[in-house]
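Each structure below is given as C-alpha cells.
Both complexes below contain subunit A, partnered by subunit B and then by subunit C.
And then the complex of A and B:
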C-alpha cells in the first residue's frame, strides 16, 4: 500500500464512523466530569461508574432480553455509583480524590467478583447489543449519510443531545445556576439559602447517570458483551477533555471527539505498512494530544488572566 | 445518623475487603493455611502473575490444577494463587511461598523469570517449574532446581496461516463470507516473544501457501498494546475487515474477544487462540461461534497436569528445558463441528498432511526464537 492509499483513508466514511463510535463514550465521560466539576467536585470516580454501568447493562440486557432495559440498568448503576461518591464526599466530607480512587478500585474488583459469581469465569459476560439505526432518506446523502445516519447506535445521537442538554442545564435552569453558584463559592451560595449539599449531590447523580450512558454504550452499543478491561481509562480521558474544554460543554465534547479521532487515526495507521511508526508510539498519540492540549490551554489562559505578567516574563 | 454512619463504614470495610481479596486473591491469608500440617501429600502451588479470567492462558493452567485435585486428590494437594496485576508484589509472593512447605512451585511468563532466577538460587532445595519461557536463555542447566517449559506456538500459527491464506487466495473452496480478497490479518496483544512466535508461524504459513499459489496473499499485522482493551481490538479488527480482510487470527487473550465481536458485526471469519473459542460461544451465541473457523489451541493445563504427575512419579527432569508443540498434541488446530462444517475436506486433509510433516520433522517452521527482530520485520514486510 502506498501513501496515496493511506490518504484515501480520510475519504472513507468508515473512518469517520469509527471516530464517532470511539468518541461517544469519551463524550459521556467528559460531560460527567464537567457536571461534577461545575459543582466544585473533582470526580475521578467516573471510570469506576462506567465499569459498573457497563456490567449492569450487560447483565440486565440478558436478564430481561431487552437492550433498552439493559441501558437503563447501566444508567441506574452509574447513578448508584454517583450516590456512593456523593455520600462519601458530601455527607461524610471525605477527600474527593481518595473516594474517587476507592470507587475505581471497588468497581474493578466488584465487577470481576460479580461476573465470576454468575458465570464461573472471571472475564466476560454476554449482553444483548442495541440495534443500530438507519435513518431513512438521510442515510442516502453521500458521506454524511454514511457516517451519521447508517448503522448508527442510538446512544451516539443521545451523546449529541446530552451535550446540548448540559449546556441548557447551566444556561437556562435554576438547578444549573445553583450548581454553578455552589461550585464557584459554596459559602456565598449557602448564605442565600441554597442547600449546597443537596445541589452537589444532584450534580453528582447527574454525572453518574452520564457516566452510566458511557459504560452502557461500551458493553451494549459498541461491543455486545462486558469484559473486565473494556473501559480501559476512558473515564480519565473524559476528565482530561473536560479540563481542556474549560467548562464549556460544546468545547469539551469537541475535545472528546478529537481524542476519538486521534485514537481512530492511530488504529487505522497501524494497518498501513507504508506508515512505519511503531504501534507503541501510535498508541500514545491520544495521551500526547491530551498533554499538549492541556499545556496549550493553560498557556492561553495564563496570558489572558495576566497579560502584563506574561509580557514581563518574556522580557526578562 | 450515627447508626447510618456506622453501617456505612461497616459496609465499606466489607467491600474493600472483597476488593482486596479479588485483586490479590489469597496472597496473604491463604498461603499460610495449607502449610501447617504435613499430611503426606505433595503440595503444589501455581502462581498466576495477573488474575484468572483471561479465558485462555492462565484459566487453562488453573484448569490443569483443578484436574490434579480431582484425579490425584489423595496424593497431591494443588492450589492456585492469583497475584494480581500489581507487579511489585510478585517477587515477594514468590519468596513467601518458597519459605512455606510447598514441594513444587509453578509460575509463568518472562515477567516472572528474573524473580525466579533469584529465588531459585536462594532456595536450592525447593523445586520450581516455569512455563512459557526458559529460566535463562539457552542456560536452563544453570538452575538445577528449575524445570523450564516452552511451547512451539509457531507450529499452530503456521497451520492457521496456511488455512487463512487458502481462504484468501480462493483455493479453499469455502463460500461466503469468504471473498478471496487476497488479504488476511493478524491482531496481537503486545509485541512480546510469545505473540511474535504465533505471528511468525502464521506469516510462515502464509508465505508457504503463497509459494505454491498464483495469487499472492498479503498480511496486515496490528497490535492492541495490551491484553484487555477489547474495545480497541474491535476497532482494529473493524479497520482490517473494512479493508477487505477475509480472516483475522487474533492472539490477544481477553482483548481478542473484541476481534471476535468485530467478526460478528462485519460477518467475517476469525481464528481464535489458546482454547477452542468456538466451544465457548457455541451455546450462548451460535452466530458468533459459527464465524470462529478454528482456534490455535495451546493446552497449557494438560502440560501442567502432566508435569506435576511426572514430578509426583519422580521422573521430572530439573535443570532442563522441555518444549511442547504439535507432536505432543499440546499445540493444535481445534477440530470441532464448525471447523468440519465450514472447511472443505480437501483443505482439512491438506492441513493434516502438513501437521504430520511438521511432526515428522520434514517441514521446519520458522520460530520467533530463530530470528532477530529485524529479520521478523523483514518477514512481515515481505508479506505486505
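And then the complex of A and C:
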C-alpha cells in the first residue's frame, strides 16, 4: 500500500461510517462494564449477555417480522442475563469472575444449541435488519452528513445518547449516587440504610440492558443474522475500554470508539489489494491496541500512585 | 528399615489428620453440595433435551449410558479428560496464586502449534522425538504468558482482560502461520505438514484412543500437588493467593509468587496443548481457540482447587463430553447441551451461599424473624 492509498483510506466517508458501525457495540459493552464496575462488580458476563442478546434479537425479529421487536427482545435477553448474573453474585454469593466465566460458557453453548435445535445448522440464524435512518437536510452536509446522517442505524444514535444518559445517571440521580456508594464501600452504604443487594442488582440489570443493545446491534444492525462467534471478544474489549476510561463515561466511550477505529482500519486495509499484510495479522490489531492501551494506562496510574506512596513512607 | 517405619508412621499420621471427624464432615458436606449441584444441572439438561428432542428418552440414554457402554467408548472419556486434566491443573495453580489469568486458553493453542512445528522440523527419533517438542511447546507458552503475568505484578494491569486479548492475538498469529508460513498445500487445508510417527504419543490400551498423554497428565497432577502443598514455593504461592497483604507483611515476595504461579499454570497448559496435538492430531489445524482454558477453570472449581481431585473432575467432564458427542451423533440433540450443564455446575459449586451452613442459617433466621414480625437489623443475608 502506497502512502497515497493509505491517506485515501482516511479521506473516505465510508471509513468513518465503518468506525461508527464498529464502535457502537463496543460503546454499549464499555458502558455496561462501567455501570457494573461502579457498583463494585467486575462483570465479565457482558460477553455472554451480548451473545444471547444477539441471538434473541435475530430470533424474535424473524418470528415477529419486526426489527424493533427483535431489538427489544435482545435487550430483554440482556437484562435476563444481568438478572442471572445478579442472582448468582448477590444471592448465591459466587465469585464475580467465576459467574462471568459460567455466563459466557452458558451463553455460548445455549446459543449454538438453540440455533441447532431450530435450523439444524450450528453457525447462523437469519435476522431482519433494522432500517437505517436518513436524516433529512442534515444528510446533505458534505462528509459529516455522509458519515453521521446517511444510512445510519438508529442504535448508533442511541449509543451516543446512552453515554450521556449514564453520565446523567451518576451525576444527577439518587440511584446513581447509591450505586457509587455501594461500589466504593459496601459496608458504609449499608450502614446508612441503602439496600446494597438491591442497588447492585439494579446496576447489573442496567448493564445487562446496555449489553443487550450491543448484542442486538450486532445481529440486526451491523449484520442481518446471528453468527456463532460474532461477538468475538467485544465484551472484553469493552471492559478494557472501561478500565482505560477510568470510570468516566465519555472517556470510556471515546476509547471504545478508538478501538472501533482500529477495528475499522484492520477491516478496510484488507480490501486494498496492494496492501501486503495478511488479514490474519491485521485481525490482531484491535486486540493489540487494546492491550497496549491497557498497559499504558496502568503504567501511568502506577507512576502517579507511586511517588505519593514513597513520600508517605519517608514521612513515617 | 528404620526409615521405612518412620515413613509409614508419618503416612499414618497424615491419613489420620486428613480424616479426623471435622475434616471428614467438611469433606462430606462439600462433596454433597457438589453432588446436588451436578444433580440440578442434570435435571435442567434433561428438561432442555426433553424440550428440543423428538425422542428424549433415546437421547438421554445415549447421553448418560453411552460412554460406559464399551471399553472403546470409555476410552473416549479418558481421551476427552486428558486435556481437561492439564487445563484443570493449570487453573488450580493460577487460582491458588490469586489470579485469573485466562492465557491458559492461548497457551493450549501456542503449546500445540509449537510442539507440532518442533516435531515436524526437528524430526528427531526415539524418546527425544516426544520430549523435545513438548518442552518447546511448554516453553513457548511460558514465554508468551510471562508478559501478562509480569505486567500484572509490576503495573497491576488487569490480567484477566490482558490475557484474553493475548489469547486472540496468539490465535490469529497461529492461524496466519498455518495458512501462510508453515502451510502444507498437499493437505488441502490450512494445516501444517503431517506430524512424524516418531513424535506421536503411543496408544495405551488396544481399541481405544487413550495415549500415554494420560499418564503425563496424571504425573503433572501429582507434581503440582507436591509443589503446591509440600514445598516452600508452593506455600508462598498459596499464602499470596489467600491473603496478599498478609503474605507481603510476613516477607513473601508476592509479585514473584504471583508471576511464578501464573507461569507454571500456563506452562502446564502449554504442555497440555502439545500432548493434545501429538496424541490426537495428524497435523496442526486449529483455526479457533480450543476452549480448554475456560474449561480448566471449571474443572479446578469442581475439584475445589485441589490438584489431586482434579483428575476426578476432569474424568467427570470428559464423561459428560463423550456422552454428549454420542448423543449428538445418534440423535437430534446438539452436544452443546454440555455447556449448559457445565455453566450451571460451575456457578452452583463456586457459590458460597448455595446449601452452605450460612445459607441454612439464613433460611432459619428468616423464618424466625417472619414469625415474630420483626425486621432483622442489617438484613439476615449479610453473613459475608
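To be clear about the criterion, the second predicted complex is superposed on the first by the 301 of 316 C-alpha atoms of A that agree within 3 Å, B and C clash if a C-alpha of one lies under 4 Å from a C-alpha of the other, contacts with A are read in each partner's own complex, and residues count from 1 in each chain.
In this text, a contact is a pair of C-beta atoms (placed from the backbone, for glycine too) under 8 Å apart; a residue touches a chain by one contact, two chains touch by 3 or more.
Just so it is clear, the model here is predicted, and its values are computed rather than measured.
In the model built by aligning both structures on subunit A, subunit B clashes with subunit C.
Of the two partner chains placed by the overlay, only subunit B lies in contact with A:264; subunit C stays clear of it.
Applying the stated contact rule after C-alpha superposition, one finds that A:126 touches subunit B and leaves subunit C untouched. Contacts of A:188 after superposition: neither subunit B nor subunit C is touched. Once the two complexes are laid over each other on the shared chain, residue contacts for A:103 go to subunit C alone; subunit B is not touched. Of the two partner chains placed around the shared chain by superposition, neither subunit B nor subunit C is touched by A:250.
When the two complexes are overlaid on their common chain A, residue A:143 makes contact with neither subunit B nor subunit C. Shared-chain residue A:63: touches no atom of subunit B or subunit C. In the superposition on chain A, contact is made by A:290 with subunit C only, not with subunit B.
Look at A:281: by the touch rule set out above, it reaches subunit C but stays clear of subunit B.
Annotation: subunit C segment clashing with subunit B after superposition, chosen from 112-120, 130-138 or 202-210, is 202-210.
Subunit A residues in contact with subunit B (one complex) as well as with subunit C (other complex) are 92, 102, 105-106, 108-110, 112-113, 116, 122, 229, 232, 280, 283. Residues 5, 8, 15-16, 18-23, 51-55, 59, 191, 220-223, 225-232, 234-236, 238-240, 242-243, 254-255, 257-258, 261, 264, 284-285, 381, 384 of subunit B are the ones touching subunit A in the complex.
For subunit A in complex with subunit C, the residues that touch the partner chain are 42, 44, 88, 91-95, 97-99, 101-106, 108-110, 112-113, 116-117, 122, 190, 195, 197, 229, 232-233, 236-237, 239-240, 243, 278, 280-281, 283-284, 287-288, 290-291, 294-295, 298-299, 301-302. Those residues of subunit C that touch subunit A in the complex are listed here as 48, 52, 100, 151, 154-158, 160-162, 164-166, 168-169, 172-173, 175-176, 179-180, 288, 294, 297-298, 301, 333-334, 336-340, 342-344, 346-348, 350-354, 378-379, 381-382, 384. Interface of subunit A with subunit B (complex): residues 1, 12, 14, 18, 21-22, 87, 92, 102, 105-106, 108-110, 112-113, 115-116, 121-124, 126, 218, 222-225, 227-230, 232, 263-264, 267-268, 270-271, 273, 279-280, 283.
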